[in-house]
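Letters A, B, C and D mark the chains as written, and numbering starts fresh at 1 in each.
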Amino acid sequence: MLKKLSLPKIRKLGFKYQLIAPSIIILLIIGLFPLVYTLVVSFQGITMMDNDTSFHGIKNYVAIADDTRFWGALFHTVMFTVIALPIELFLGLFMAQLFIEKLPGRQIFIALLVLPVVVAPIVSGATWSLLLDNRFGPINQIINWFMGEELTLLWTINPTLVYPAIFLAEVWQWTPFMFLLLLAALSAVDKAQLEAAAIDGASYWMIFTKITLPSIWPVMAVAILIRGLDLFRLFDIVWALTKGGPGTMTETISTFTYVKGFQQFETSYTGAVALLIIIILSFVVIGALRKVELSR
Amino acid sequence: MNAKLKKNFKTGLRLAGAVVLTILFLFPIYWLFMISFKTADEIYAYPPVWWPESLQFSNYAVLFKDGDAATVGNSLIVAGTSTVFAMILGTTCAYSIVRFKTGGDHLANWIISQRMIPPIAIVFPVFILYVWFGLVDTYFGLILLYTAFNLPYVIWMMRGYILDIPISLEHAALVDGYTRWQVLWKVIFPMCRAGLFATAIFTFVFAWNDFIFALVLTRTEVATYTVQVTHYFGGQSNFWGKISAMSVLGTLPIFFIVAFMQKYLVRGISLGAVKG
Amino acid sequence: MADLRISGLHKYYGSMHAVKGIDLEIPSGEFTVLVGQSGCGKSTLLRTIAGLEEIDQGTVQISGQTVNDLAPKDRDIAMVFQNYALYPYMKIFDNIAFGLRARKVEKTEINKKVDHVSKMLSIDHLLDRYPRQLSGGQLQRVAIGRAIVREARIYLFDEPLSNLDAQLRDEMRGEIKRLHKELGKTMIYVTHDQIEAMTMADRIVLIRDGKIEQQGTPSDLYDRPKTKYVAGFLGSPSMNFITARVVTQGLGYGLILENTAAQLKMPENVSQRIGEYLGSNILIGIRPEHFSLNNESKPEDSGTTIEVSIDLVQPTGARTYVSFKIGQVTAVAELNPRDIRQNESNLTLNVDVNRCVLINKDTEFSI
Amino acid sequence: MSTTGLELSKTRHLLKPLAWSTVAVLTLSMFGCGNDAEQSTSGPISTDGKNAAQIAVESAKPLCQDGKTITIVWEAGLQSLDPKNFSGPKWEEETGCKIEVVEVPTSEMFTKIMQEYRANTGAYDALNVIPAWMPDLAQAGALEQLDSYVDKYGYRGELQTIASTYRDNQMTVDGKIFGFPDDGDVFLMYYRKDIFARDDLKSAYKNKFGEDLVVPTTWEQFIQTGQFLTDALKSEGIYGASMFREPGYGNFMFQERFRNEGGTFFDSNMKATVNSASGVKVFKDWVTENKFMPKGVEKFGFVENLAVFVKGESAMTISWPPYGRFAAGYLENEEALSWVPKTTIADKVGYALPPGGHPELAAGFALSVASTSKNKELAYLFIQWLNSEEISNERVQLPYALRDPFRDSHFTNEGYQALWPDAKEYLAALSAAAESGLLDLSLIQTDKYEEALRQGISRLWAGENPQTILDDVAVEWDKITAQVGVEKQKTVYKSWAAKSGAYPN
């Protein structure tokens, strides 16, 4: 049957497109344009010295394959993600367990504990570089009190300490995020189920793994996804603490791209790198979503 | 009695744990704040000084005298305005997607996918774009960028809230004699007020705390406080006094906002995964 | 004069055909109830009248004016919603005044009208409260107040009582009926509850699967259902349908109930209609109240009684419902409790054959 | 459970659209190339015995009538207090042209200048440029050639009175003028006169080594003296020396010591030789020296090192000129200097050339005009005025700013010499240092070479083997050279190496 397009239909269409138009236009400008631009540039040969806009084929992409510094940065980024994420998750879960039941001053504790989350990452990087300063920072001093001798740990220089230093800052800033989320998720677990299980004689561990964990899993999955994506673009904290040093030992994808693109002006090369990151990220996200979906 | 004792003991243990954790997590913030009140002598003292002899405001005085403190004002203008824009545009967009299924699933998915792009990957093209249109180092440029960057988040969040609004409220208003636009203003916006707050905190915090976009897209006119903080490290070594004072100036407003909006935090933080 | 005329109305939701060509005229000042099972399209119909749904085909005219293209606000209608649709962030007064403000009514006038309406509905003491502070019944009154304060040409009610408990529902039914009398306006009322339809309607429009099954006064539909569906839909407990074979009995015809030996003699006026079914099966519909106890056998009852054995007795106080089997079919009879003796397992029931409904088994139209 | 999740099942389509967007290719006109605006060609204007500052002011006045604004890029922080508080307002008062200062941290300056040039915004008129970048910026086309302006506005004469090291080495690329040296940044050794004069130390030193305790002039001496002083004075909280060790500054110190030890950066085939014995010796010496320096010296930058020195906790240090002023407590109450710890050693500071005798002319600044400027003429006049004999003499004396003497007349400026008791010695030392100073390595893409070296230094502090590190740095350098083009880079290097300050004579 042929649908008759009466006047109000048109008017409504107009209305619904009027509503989304500004957002979509802005997103196209800021979201789509850069992708297209990057794609075009990545096939050219623009460098600091040479504004060469001729077609260079996949030269830049081939160069990435040989760039050990890029792969190193990618490796570091992945490593930061797979180490920091579980730490934040478990620490956050532990803290949430601590606060799930009644506690005097609970609200105040929670209010104070979330403060690190809203500190600007660049500021928290700066703060930790103050704290970890080998000479003027308090952390070494505290360690010295415990050790009873005068050590000077070079947190941002020593290769064995620089990762812990970054993890400290990262975990400090984002564990409260996990905590807040998991606390909310735990509070939403059906109390009746827990009581029923307790009456059935289930152990604490059984209750936790068979009831609590499955109920909070959707929230955990979202938390992992959000934080995972954030960690993948880690920039501010590393920039403030080490600038990728010592050497290129803590360089992440983002700091690498910044150095290549904005300090060395390998514009086309950086374009190729940026696109590659987006592609890698797409696969990671799709994979992660699949995984999350399967376990549901 | 025994059970009660045991319970009290457990609570005491948990309380102790809570206190220790809170101290651990607040210590860095304490240190940051405290340094800003130290004299240069105290900042560069070895071993470090844990409590300044007297509270010095000279680190702040310098920031105000040189006009560096104005960058907090820039942050406020940029973050505030972009939040208002993102909230209005995002909410209307979300409304259209929810009520009229505009664009179907593909549009909604494309929008949220925008949030996954790493800032570093788009910042250079955006800079080029801004140069063409003369938007570098303008309030409008940063506002536009933050609005755009926050839009997917706002749309995603508000979508959830609008889904919760009974459609009959809108129908009632339509029947009562309001136009669709009026319904949006008089029904939808007031109805998702809690959602607007929760979402707005995070759009604001994002814009307020952003570093990389502001670093590339500003020069001096509209430099935000995060960019200003980094002016004090790297160049002539690290000016800890200025770094900390500037950081405190930029962090305090956020702390206040969070303190007042505590109850909206959770849903905002979790992309709506937890209904708060 | 018809206040509302709907012709050839169709409505689709994607591939779903929700309203399948409805023609309807609603006279001015009448209380019309659109009734049907949930999902039958009655609410959709109401919303197309309100302008909340687009019309895919057909026209809606109000007072002779085609309103297809008019926005809801320009149709001069008022509507009461199922879940009240009160704005939680506004006080009751503002909720009621909301529609008047949209129409730029003067402030003093608004006060006067809200005052009047709230007194009429006895909610004048609630004006300063928020919806969350009110009970369900109070909310319902506010929702109605908001509609009637508008003084629209047509009032629409979308299952307004379905969220109330039984007692309040009875009360509000009366209240709405009273309002209709007072205001004398055209009202269109949607419900799935046949009791509401029966008690309130001047006219019932029974909708089934996007089409009008039957319309008419309550007694038209109750006593003279055009189809099995209508017959079964109205009345509670609903009508008992029993397959029966048409046979000759005396000068007229009789019905042998399936799987039983019972044979009912049809009165003359009925017999005229069933002659053509002789030898074949039809359905006989008997409402529970068309059974009665045959305590002392009278000769005129011969041919209109059946013997049944009791399955279950459900007393409700005023009436008692007795279930029993007729052949394979479970039937219910509504009896006077005083007539039923304790420990009785078998009954002889009279059937009011004059009021039975006979239905063509194939077409399900009444005969 | 009141969680809805992200409606995760739906989100799996999320990236499909992302894929579309990457595929959709729009042909966009790329940003335009730099505009080669016409050079100022008119002949020289009459000078009538006016000095360069006066000429600049008078030539600018007519151009400034409609209230133009000149934008100048300056290092963020203290440096920019000069144009913000002093020279900017003064210029506006004299000509009517406003000065807008764009503050950029050093680490971002090159980036920002290139960025704006690339984008052709015309946002910057005048620039502060670190001389080592000048070849890069000039070859990329970001800098305006200044010769014709210099002739037009009669500035050659005053350019000649800039101290020769700076004038000959930090002004030109391929013989063309691209900037005016504007900051006499040269390392100097600062030492504690009082400590070196202590009798107990003198005799103890003599007993131990059979020599007099003197301010060291070789690195061997430095190590011996430093270790001795630390051993003797640690109980008093004083170390023999403290030093920049943070990689950014370490880069300058390495370049200086490497050449003082006889090293050369490249051989005749343009192969990197930074991993020669001289390089390894520098690295090894550093590790040795750190042992007698304050704990955590590995991270010392400008302020940390300054703090230790002015608090009297170290006997020797090497740094840029402001140390001399700050240590002397010259106008220490100036609010802008509240970040400097209060000096406890005023009048106790001596000035000397660092061991080896050839200090690094580390970083420094030159004033240039951006090629994309829309006000080149005015931008030029402003930097000529800033750089002129008259105005620069005032600027190098600003207590808060960090511009240091770079003209012959600065070193002999009587007002300056009277600013604090030892100011005269200080200026003399600076002058001597400038004469024997060594230039920063300057090639095409110098920053890449420096970055490799900086990373090497940070690896040294991370405890790696000096030879391994320097071998890696050399490999990295060769890679960069290959990228630039060996022959091309060789030419640039040769012309740099031919300069008087490239290697010690």
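What we mean here is this: contacts are C-beta pairs under 8 Å (C-beta built on N, C-alpha and C of every residue); 3 or more make two chains touch, one makes a residue touch a chain.
Everything numeric here is computed off the predicted structure, so don't read it as measured data.
**Student:** What is the set of chains touching both subunit A and subunit D?
**Tutor:** B
**Student:** Find the two chains joined by the most C-beta pairs in contact, please.
**Tutor:** A-B
**Student:** If you average the C-alpha positions per chain, which one ends up nearest the average over all of them?
**Tutor:** B
**Student:** Which chain has its C-alpha centre farthest away from the C-alpha centre of subunit C?
**Tutor:** Looking at centroid distances, D is the chain farthest away.
**Student:** Provide the C-alpha centroid distance between subunit B and subunit D, rounded to the nearest whole angstrom.
**Tutor:** It comes to 37 Å between the two C-alpha centres.
**Student:** Distance from the CA centroid of subunit C to that of subunit D, rounded to the nearest Å?
**Tutor:** One centre to the other, that is 92 Å.
**Student:** With chain centres defined as C-alpha means, what is the inter-centre distance between subunit A and subunit C in Å?
**Tutor:** Those two chain centres are 60 Å apart.
**Student:** On a C-alpha centroid basis, what's the spacing between subunit B and subunit C, in Å?
**Tutor:** The answer is 56 Å.
**Student:** Mark out which residues of subunit C touch at least two other chains, giving numbers and ranges.
**Tutor:** Correct list: 51, 71.
**Student:** For subunit B, give me the residues that contact two or more of the other chains.
**Tutor:** As it turns out, subunit B has residues touching two or more other chains at 43-44, 46, 116-117, 128, 216, 230, 233, 238, 240, 271, 273-274.
**Student:** Touching two or more other chains, which residues of subunit A qualify?
**Tutor:** Within subunit A, residues 12, 31, 35, 37, 41, 135-136, 185, 188, 218-219, 222, 262, 267, 275, 278, 282, 285 contact more than one other chain.
**Student:** Write out the stretch or stretches of subunit A touching subunit D in their complex.
**Tutor:** 31-32, 35-37, 39-41, 48-49, 51, 53, 133-136, 140, 150, 152, 154, 156-159, 162, 185, 188-190, 215-216, 218-219, 221-222, 225, 245-249, 259, 262-265, 267, 275, 278-279, 282, 285-286, 289-290, 292-293, 296
**Student:** Over in the complex, which subunit B residues touch subunit D? Could you list them?
**Tutor:** These residues of subunit B touch subunit D: 39-41, 43-44, 46, 58-59, 61-62, 65-66, 105-106, 108-110, 112-113, 116-117, 127-128, 131-132, 134, 136-137, 160, 215-216, 219-220, 230-242, 271-275.
**Student:** Quick one: in the complex, what on subunit C touches subunit B?
**Tutor:** For subunit C paired with subunit B, touching residues are 47, 50-52, 71-73, 77-79, 81-83, 85, 87-89, 98-99, 102-103, 146, 150, 156, 158.
**Student:** Which residues of subunit D touch subunit B once you look at their complex with the stated criterion?
**Tutor:** Answer in residue numbers: 2-6, 10-11, 13-18, 20-21, 31, 75-79, 81, 84, 100-108, 112, 115, 119-121, 123, 246, 248-249, 294-295, 301-305, 307-308, 311, 313, 335-336, 338-342, 402.
**Student:** Using the touch rule from the top, collect the residues of subunit B that touch subunit A in their complex.
**Tutor:** For this pair, the touching residues of subunit B are 11, 14-15, 17-18, 21-22, 25-26, 28-29, 31-32, 35, 43-48, 50, 89-90, 92-93, 95-97, 99-100, 102-103, 107, 111, 114, 116-122, 124-126, 128-129, 144-145, 147-149, 151-152, 155, 180-181, 184, 205, 208-209, 211-212, 216, 225-226, 229-230, 233, 238, 240, 243-244, 247, 250-251, 254-255, 258-259, 262, 265-266, 269-271, 273-274, 276.
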